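Take a look at the structure set out below.
As written, the chain order gives the labels A, B, C and D, with residue 1 at the start of each chain.
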Amino acid sequence: MAFEPKIIGFLCNWCSYTGADLAGVSRIKSAPNVRIIRTMCSGRVDPAFILKAFQLGADGVIVMGCHLGDCHYQEGNYKTIRRLPFLRRLVKGFGIDPRRLRLEWVSASEGDKFALLVNEMTEEIRSLGPLKLSVHHEIQQPVAHH
Amino acid sequence: MGKIAIEDLAKIQEAARYKIALRQGAGRVRINVHMGTCGIAAGARGILTAVMKEIEARNLHDVIITNSGCAGLCSQEPMMTIEVLGEPAPVKYVLLTPEKITKIIDMHVLKGQVVKECALALGSERTR
Amino acid sequence: MVTINIDGKSVEVLEETTILKAAEQAGVWIPTMCHSEHLEPYGVCRLCSVEVVRGKRSRIVTACNFPVRGGMTIHTNSKKVQWLRQVIMELMLSRWPRVRVVKEMAERLAVKEPRFPSLERDEAEDACILCGMCVNMCNDVVKAGVLGFAHSGIKREVVLPFDERSDSCIVCGACAHVCPTGHIKVILEDYRGKKPEFTLGPKTPIYVPTLQAVPRVPVIDAESCIHFETGGCEICAKVCEPNAIDYSMQDEIVEIEVGQVLVSTGFDLFDASAMAQYGYGRLDNVYSSLEFESILNSTGPTGGKIVMKSGKEPKAVGIIHCIGSRDTNHHAYCSRVCCMYALKFAHLVRDRTDAAIYQFYIDMRAFGKGYEEFYNRLLDEGVTMIRGKAAEVVEGCWQGNGEPSLKIRCEDTLIGKFREVPVDMVVLCNAIEPRRDSDAVRRLFSISKSPDGFFLERHPKLDPTSTATEGVFIAGCAQGPKDIPDTVAQAGSAAARILSVIAKGEVEIEPVRAMVQEEYCSGCKICNNLCPYIAIEFLEEKKVSHVNEALCKGCGTCVAACPSSAMTGHGFTDAQILAELDGLMI
Amino acid sequence: MAYRTYLMVCAGTGCVANQSMKIKDKLESEIRKRGLQDEVSVVTTGCNGFCAVGPLMVVQPDGIFYQLLKETDIPFLVEEHFVKGRLVKELLYTPPREKAPIPKMSDIPFFADQTLIVLRNRGLINPENIDEYIARGGYQALAKVLTLMTPDQVIQEIKASGLRGRGGGGFPTGIKWETCKNVPSDTHYVICNADEGDPGAFMDRSTIESDPHAVIEGMLIGAYAIGSREGYVYIRNEYPIALERLQVAIKQAREYGLLGQKIFNKDFDFEIRIVRGAGAFVCGESTALMASIEGRPGEPRAKYVHTVERGLWDKPTCLNNVETWANVPQIIEKGAGWFSSIGTGDVTSDAWGGSKGTKVFSLAGKVNNTGLIEVPMGITLRKIIFDIGGGIKDGKKFKAVQTGGPSGGFIPESLLDLPVDYEELTKVGSMMGSGGMVVADENNCMVDMAKYFLAFTQAESCGKCVPCREGTKRMLDILEKITVGKGTEEDLVLLEELSNMVVESSLCALGGSAPNPVLTTLKYFREEYEAHVKDKHCPGHSCRELIQYIIDPELCLGKGHGCHVCAKNCPDGAIVGETKQVHTIDVMKCGKCGICYDVCKFDAIHIE
């Protein structure tokens, strides 16, 4: 069966998570590949989580937050916009294609934009194929030990 | 003169009193120097100046100096008539010289005594 | 107070009031021709001469400016006074035979034919009778000091400086207002950049916005009020008994501590001039819905009479729906209320005039209770409903009497034909759109907006009147176009939500907070200036940071930034998120 | 240097206009030529009042009065009188209808019958020299007031003196000062009204030209009494010499500390500013004058609130005429008793009960001795006109005298024995007014004179109120109709009715008094109006349309032998006749210019 990418989405509670909810309410069809974690603000997303996600086998990570200026906590997304681009250059070092990590602003009213992003990301990761990291092998083995 | 006080008023008044008095034609003594052509020729002008000098020297404020035409006695020129308020008749003095003038002014004008030796006669036609 | 006797009646008045005022109080009429209550008495026409007797002396004085004193007897109609008035009247009538106020006063004083020949130069109906009221008004009240008298004696006349248009004239029209003969005309043309057009606005600088205004109190438009221009006039202050007028009032910024806010900032009307084809702002008699609403309003500029700019009643009225609504170039959404008020307009036009009415609609959305029945009633009343979006409004004159009028071009989809409907007046149903400053307001209350620009409610179905932000509620058209019943319902619900919180006395807040584990904290202070709410302070003695729980909103930014993971966030600890990650990976 | 003789050369406007300044220069040069410059001093003085015989000079201390001087007479005069001491008979004054000249000024009736208070210094002092004013006792009154008298005492003195306004109204000055003083205010103003707008009146001008300091001292005393620190003199711009002399006097007074701060080191400051009138007659009225000082157009306001309460810039203001102010120093110096001993009536009980002191009149018209006279109140018109005035010119018959300028009335011969004072003149329909006195003789047409004065007031009307603006215009139209022979009987009735209306309801005194000339001529000379209306004939022979020029055949042929001079000069070619024949005038063509009447040496032409 075709490769189904696993994408982790970190969504901020006030804008993108509500946008996603709106997409659902508006019955917009979109790919199920993105698995969502809700954080109070996109600023809460620690780069460590993203790396952990890749480590745990995620093929792509997308972080969504409010448009600049809309953040419920005034400046949360300004921190994110400094961390994420830096992180994207960093992951190259781990052999992860930067396109597997994206940062997008989705406001509460942009349900269709959320769906669009999800489909777009899914196709892109599918084209990139599964993420093969040397670390993946050890993980499988210990699991096998149990 | 700058800011004046009330006392200055009197001073100014005093200084100009003679001028004003003359202008009002008020005076106690009237000296009339006869200046007909012959009188002038006989030196009446000098007499007039002398009289004025004497008056000014003594700072008299009530003497009127006038001149008039010839009195008719050309031989006695220069002549002058002195009339004093309250005196019955004017006195005519003749053959005058500056020296006589001072004597006449002292004696007659100031003390009211006629200087006989210089006087021609008592009385003459009224000028007023 | 002093008592005086006027024509046998004894009157008590304040000392120093004029005989004229005392006479008014005693109900005695005294003729005046150069008197106005706004101005100091001028006393030049002398018509108001009366006979005053004090002790044994009687004399003739002018009533308008003679100060009253105790024990005075005044005869306002003695033989001598009547004779004086008659001769003066004859003089005025002979010089100004056709001036209305002069003719009326002459009649009242029974002066028929003047015994003097006319001067053959002031025979116009609006001749100047040299009463001086305009000059005094301009100099003493308005204080612009433009008008004045020139020449003396019989050649005396009122002049502008150098007989030219004066720059210090503030075009207030006070002189024309006070001129008894209409000699002074204010020329309505482009004068110093002020283009006087038929404004629906107020006629005077001080006005009550509308009789339904809350509070129903007059306001002063500082732009056009004489006082703010020259420091003069102040007539409104003089006539206001409770002297409630204080020119020095300024706008004040008032800060009020509140727990919760209901944002019901309403809507803006779509500017129809953006759709040039309808000629709004270009053609006469093309009104927006709100302008037509003010014409219908009985306290509005036309007092409720439906009139065109020319002042005449229209013979035919066209009402065009969906201007700016249901239009991808402007607003895709339907403004919801236009259909119904358009029907109301049609009904009122039918009721107040006998004009033919045409409505151009796409779909008649009579969705509410009793709405459909109203629509059917309108159909019975003979309103022509044309199903088809009006394409264009053009000029045309169809009544053949040279009266300018309009033509509406549209396609009648029901009969599949192209039609050109001749009308006199067009009413556009402008779309309801978010306020121009809604973005700023949104950021102020940190609430977000929906795709059409209105404020975003927490949940479109389950919670339309509150927002994602705690304590901020919305209601009315700020949340989206709606009519009055819906707005009232929303307002009620928002108020109820607010009251319920107030009733509880305290507010539950989510326990999401950041906290410093002092053992791990290395005192690096990275988190200190990170926090937008300055909730993290540095304890000098312990050399560790500490979170002020009251200020912290729990966004977690500091948790992510802490290099030694000393900062944890309740409810969103690292462990919890990582656990979620694990969960997602199977 | 004490001079023995002073030549008091008159430098009033009238004499200056007749070249008296040139005469003065000639005198000085002739005296210098003869070396008499240390004995004889030439002094220019203010107007002596005898304008008819100007330019004139008085030789003091002899008191000899020389008149009608010409520059060419001077060398002979200096030689004759100052060198030889003989009078020059031709230059002396010979009263009309008499042969012998009268050398002494004090013997000339024109001067002898006058009582000088306001004009006491005229001809005696040089007005531009403050010392001469002080020498004549000037500023003693001010010193007395500032040292010995309180403001109230000054006011009581003026009230006791019975002095009344010389501007024309005759309001008791003492009461005016007292009311003004008692009005509480931080500022009081004192004004001297030297506008003197009526034609033929020049009393104020001569008073200021001869003795400006009298006015200044009077204002100082008034200001002290009222408690004012600021005074204005509103003087006509058409009086250049008076204006200049006033400015010089004020400058000198200021130098002597008599104006400015701490006058006589007393706690009294006073400053006088001069405001020049722009030539409007109405600005002689107090409220119009004050409006003019404030820079507003000169229009009167209703005086229901008197200017003593609210005048200049709404502050209490005391406005008096030049002559009133000039009387004040004398009253203070010589006491109220002395002043009230002159004039009529009794003012002890009622301030309006009498007219005290003297009045300066400008005698003009058809009298021989036209000029400026100051006579005691109560003197009869006959004495003024015939004794002082030297009777009617050319022996013509007296017809009427007009007192009070254009606001006054005409008084017929029957009332010549009327004593001149406020009440009497008002009773007969005229008024004291400023003091203009114009004598008319048989050749004056009363209607024409009334028209002349009304034309003046109508032209000077400020136009503010309807009765005066419209009323005087219509009255003038009617008078014009009458003087061209188109007047009707109803016109006379209408004229009288209009006049009474204008008097009763006009806003200010200009309108209130403008009809007086018409009303008095109607009252006393009704028959002349009737003549104009019914027989289209002008008794005074001056209304052009109503007179004819006729040649008397006997005189023309008999004496003139048809000299044809009149025909040659007649502009209209209306005289028919050849030389040596009787000439006749074609009435239709005759333009009534009167040239033939003037050129005919044989008086063959007379007017019907």
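Here is the rule we use: a contact is a pair of C-beta atoms (placed from the backbone, for glycine too) under 8 Å apart; a residue touches a chain by one contact, two chains touch by 3 or more.
Fair warning: this is a prediction, and the values are worked out from it, not measured in the lab.
Asks: Using CA atom averages as chain centres, what separation in Å is found between chain B and chain C?
Replies: Chain centroid spacing, chain B to chain C, equals 103 Å.
Asks: Taking each chain's centre as its mean C-alpha position, how far apart are chain B and chain D in Å?
Replies: 42
Asks: Averaging over Cα atoms per chain, report the distance between chain C and chain D in Å.
Replies: Their C-alpha centroids are separated by 69 Å.
Asks: So the centre of each chain is just the mean of its C-alpha atoms; given that, what is the distance between chain A and chain B in Å?
Replies: 141
Asks: Which residues does chain C have that touch at least 2 chains other than itself?
Replies: none
Asks: If every chain is a node and every touching pair an edge, decide which shape results: line, ring, star, complete or other.
Replies: Shape = line; chains linked end to end, path left open.
Asks: If I apply the definition of touch given earlier, which pairs of chains qualify?
Replies: Every touching chain pair, ordered by label, is A-C, B-D, C-D.
Asks: Enumerate the contact residues on chain D facing chain C in the complex.
Replies: 280, 282, 297, 301-302, 304-305, 458-467, 469-471, 473-474, 477, 490, 494, 497-498, 501, 504-507
Asks: Under the stated contact criterion, what part of chain A meets chain C in this complex?
Replies: These residues of chain A touch chain C: 6, 8, 14-15, 18, 25, 35, 37, 39-41, 43-49, 52-53, 56-58, 66, 69-76, 79, 83, 107-110.
Asks: For chain C, which residues are in contact with chain D within the complex?
Replies: 43-47, 49, 60-62, 65-67, 80, 83-84, 87-88, 91-92, 94-95, 115-117, 130, 132, 148-149, 151-156
Asks: Taking the complex as given, what residues does chain B use to touch chain D?
Replies: That would be residues 1-6, 9, 12-13, 15-27, 32, 34-37, 40, 48-49, 52, 55-56, 64-69 of chain B.
Asks: Along chain D, where are the residues that touch chain B in the complex?
Replies: Against chain B, the touching part of chain D is residues 1-6, 8, 39, 60-63, 82-86, 124-125, 131-132, 134-137, 139-140, 143, 146-147, 255-258, 264-265.
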